[in-house]
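You will see two complexes here that share chain A, one where it goes with chain B and one where it goes with chain C.
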Partner chain A sequence: MTIASSTQFLCFAALSAAVAIGALGVVLLPNIVYSAFLLGGVFLSVAGLYLLLNASFVAAAQVLVYVGAVNVLILFAIMLVNKKEAMAEIPGLALRRVLSGAVCAGLFVLLLRVAFITPWATPGPEPIGDEATIRIGEHLFSDYLLPFELASVLLLMAMIGAIVLARRDVLSADIVTGEPADQGLIEKSRTPLLLETPAPASPAMPTPVLEKR
Partner chain B sequence: MSLELPTTVPLQAYLALAAILFCTGVWGLINSRNAVRVLMSIELMLNAVNINLMAFSSYLDGQLIRGQVFAIFVITVAAAEAAVGLAILLSLYRNRETVDMERFNLLRW
Partner chain C sequence: MPDCAAVGLPAPVFVLSGYDAFLGFLLIAAAVPVLALVTNKLLSPTSRSGERDLTYESGMEPIGGAWIQFNIRYYMFALVFVIFDVETVFLYPWAVAFHRLGLLAFIEALVFISILLVALAYAWRKGALEWS
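After this line comes the complex of A and B, so read on.
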């Protein structure tokens, strides 16, 4: 065993241990802020695995998109919705956890069996090094051109959809009466619309009357 | 015959790692009470799929690396999914003032 291959084994062992332990921490830790930071660690370790697989471009994309965008977005979401709330106890929660753990363990055994029984016709990893980026560019602009353009449309749709979903009501005039309406941009306490706790006054939201056409 | 050690990391090791990651993600997806953690579990599952794609791309398709192109598309879709999912979560939180998955039962029978 040469030094290069043993280094590769050591890197793989360290990175996969980081991925597995980090993923367990993401799922199991009670504090969700720690979970979010561990998720960033998992993303970085996966990027390291991509480097081991001779894919420098995808590793860079992983770091930029996942660690730089998705993880920061998740941290911002945690910051916006971080309210200490006591989760109500649910009967049979432990049983549910055990059952779903058993199902996941079964799925894991199934996947392992498939991975180890199938005779992969493996020629082994072929290092193409920096050629990979060139090859990806050729793919994206020749035979994967249509999915590439569709991805741009998808990103545009996701951006507009996220803005529409997450903004507050910014209508400056009431649609029906035309009177100037409250823009609702300032955070203020208001009754949540759909809580099941009985509101002290009138019901929070009147049932909408469907127009007959 | 000699039992010789492999000189490179075998493909099965990557597949097993991806299986661990995917099953952890599924367990978290089912059992999380916090809606943000559900989104994080989905990201874990997408990363597991990406590891599989990259391993197959390097080991079975070493010259035409189509798996890497697929991984890039998966990353794109995951970014869009995270943005829209967190926007939905924010508007849900604004209406119900909770992130408890058990209390999002609007569409339940």
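After this line comes the complex of A and C, so read on.
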């Protein structure tokens, strides 16, 4: 039993509205924490759209990669930003807004053109539904085996690179300038995460009081 | 979509099975926070004293603002998580097609996981998983 056509249309309308409103919120809200969470909502709605298009694997990958990975990284990056350091006033803000608005309008016109000149009526391949993920698995483990194993090597490289970059005490000096590496990062990597609280309220559940720099 | 036939488009077919239950779960899950907040709003007594506006922090008085600069080492956990999150994307089709793939695919997946275990061991050795 699958979802009826009218339910499908309702889902499509709701997801499209969520994507459009959420994306506007991401751009327009002044608080970047709200923007980041709304971005997660937009990613989830796009995953729902993929699901409506019978692409269950793409939907799962969207949730795992975009909501799980990209959005988490964005949130952590926001957590590392100190809000009190007021951002410097950008020179020529109006001109920048006009320019970026023109670029976005151009992209929009391009997309509209693509949407109107594409012959959508040609019947695509027959949707195979639940079979699709199994087919992907079969291809991944037969004729795409080498890229599959290389992906794990790529992930290994990404992990090592991330650790080397984030833990600067591996490098004693900056590669480019030759100056001593950013001491602030190293010092912070040495300080304990948990402050010594004099009298914890409940020893069974210690409250992580984050250090204030 | 009723208007698809009018413009000569084939009606989109949703062929994935079992997603009507998913839709039901999704609606219930979306209703839970809304109902919880609305019930709170309707039932709870309203008081506007100073302590009420404090952020809840396990019963302790919160110190400072909520938006502080977090330690960079939290980012390490996020990075390690992201690597294994992407690994899951690759293992998902393997798990779904497991009954059709043979022993060879099992060994290949083991190779894949063992290469990533090297990454985990590296992160462990370098202290990326240490709290202090």
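One rule holds for everything that comes next: the second predicted complex is superposed on the first by the 156 of 213 C-alpha atoms of A that agree within 3 Å, B and C clash if a C-alpha of one lies under 4 Å from a C-alpha of the other, contacts with A are read in each partner's own complex, and residues count from 1 in each chain.
By our rule, a residue touches a chain if its C-beta (ideal position, glycine included) is under 8 Å from a C-beta of that chain, and two chains touch if they have at least 3 such contacts.
This one's a predicted model, so the numbers in the text were calculated from it and none came from an experiment.
In the superposed model, A:Gly68 makes contact with chain C only, not with chain B.
Once chain A of one complex is fitted onto chain A of the other, the partner contacts of A:Ile128 extend to both chain B and chain C. Within the superposed three-chain model, A:Ile136 lies in touch with chain B and with chain C [touch as defined at top]. By the touch criterion stated above, A:Ala60 is placed in contact with chain C alone, chain B being left untouched.
Once the two complexes are overlaid on the shared chain, A:Leu145 sits against chain C while remaining clear of chain B. When both complexes are overlaid on chain A, the residue A:Val26 reaches chain B alone and has no touch with chain C. Shared-chain residue A:Ala102: touches no atom of chain B or chain C. In the superposed pair of complexes, A:Ala162 makes contact with chain B and with chain C alike.
Look at A:Val46: by the touch rule set out above, it reaches chain B but stays clear of chain C.
The residues of chain A shared by its contacts with chain B and with chain C are 1-2, 5, 8-9, 12, 52-54, 57, 61, 65, 69, 73, 76-77, 80-81, 83, 120-121, 123, 127-128, 135-136, 140, 151, 155, 158-159, 162-163, 166, 192-194.
On the side of chain A, the complex with chain C involves touching residues 1-3, 5, 7-9, 11-12, 33, 51-54, 56-57, 60-61, 64-65, 68-69, 72-73, 76-77, 79-83, 120-121, 123, 127-130, 133-138, 140-141, 145, 148-149, 151-153, 155-156, 158-160, 162-163, 166-167, 170, 185, 188-189, 191-194, 201-202, 205, 207, 209-213.
Interface residues of chain B facing chain A in the complex, by the touch rule stated above, are 5, 7-9, 11-17, 19-28, 30-37, 39-41, 43-44, 47, 50-51, 54-55, 57-60, 62-66, 68-69, 71-73, 75-84, 86-91, 93-100, 102-103, 106. Within the complex formed with chain B, the chain A residues making contact are 1-2, 5, 8-9, 12, 16, 19-20, 23-24, 26-27, 32, 35-36, 39, 42-43, 46, 49-50, 52-55, 57-58, 61-62, 65-66, 69-70, 73-74, 76-78, 80-81, 83, 85, 87-88, 90, 96-97, 100-101, 104-105, 107-108, 111-112, 115-116, 120-128, 132, 135-136, 139-140, 144, 147, 151, 154-155, 157-159, 161-163, 165-166, 168, 192-196. By the touch rule above, chain C contacts chain A in their complex via residues 1-2, 8-17, 19-20, 23, 57-60, 63-65, 67-76, 78-83, 85-90, 92-98, 100-101, 104-105, 108-109, 111-113, 115-116, 118-119, 122-123, 126-128, 131-132.
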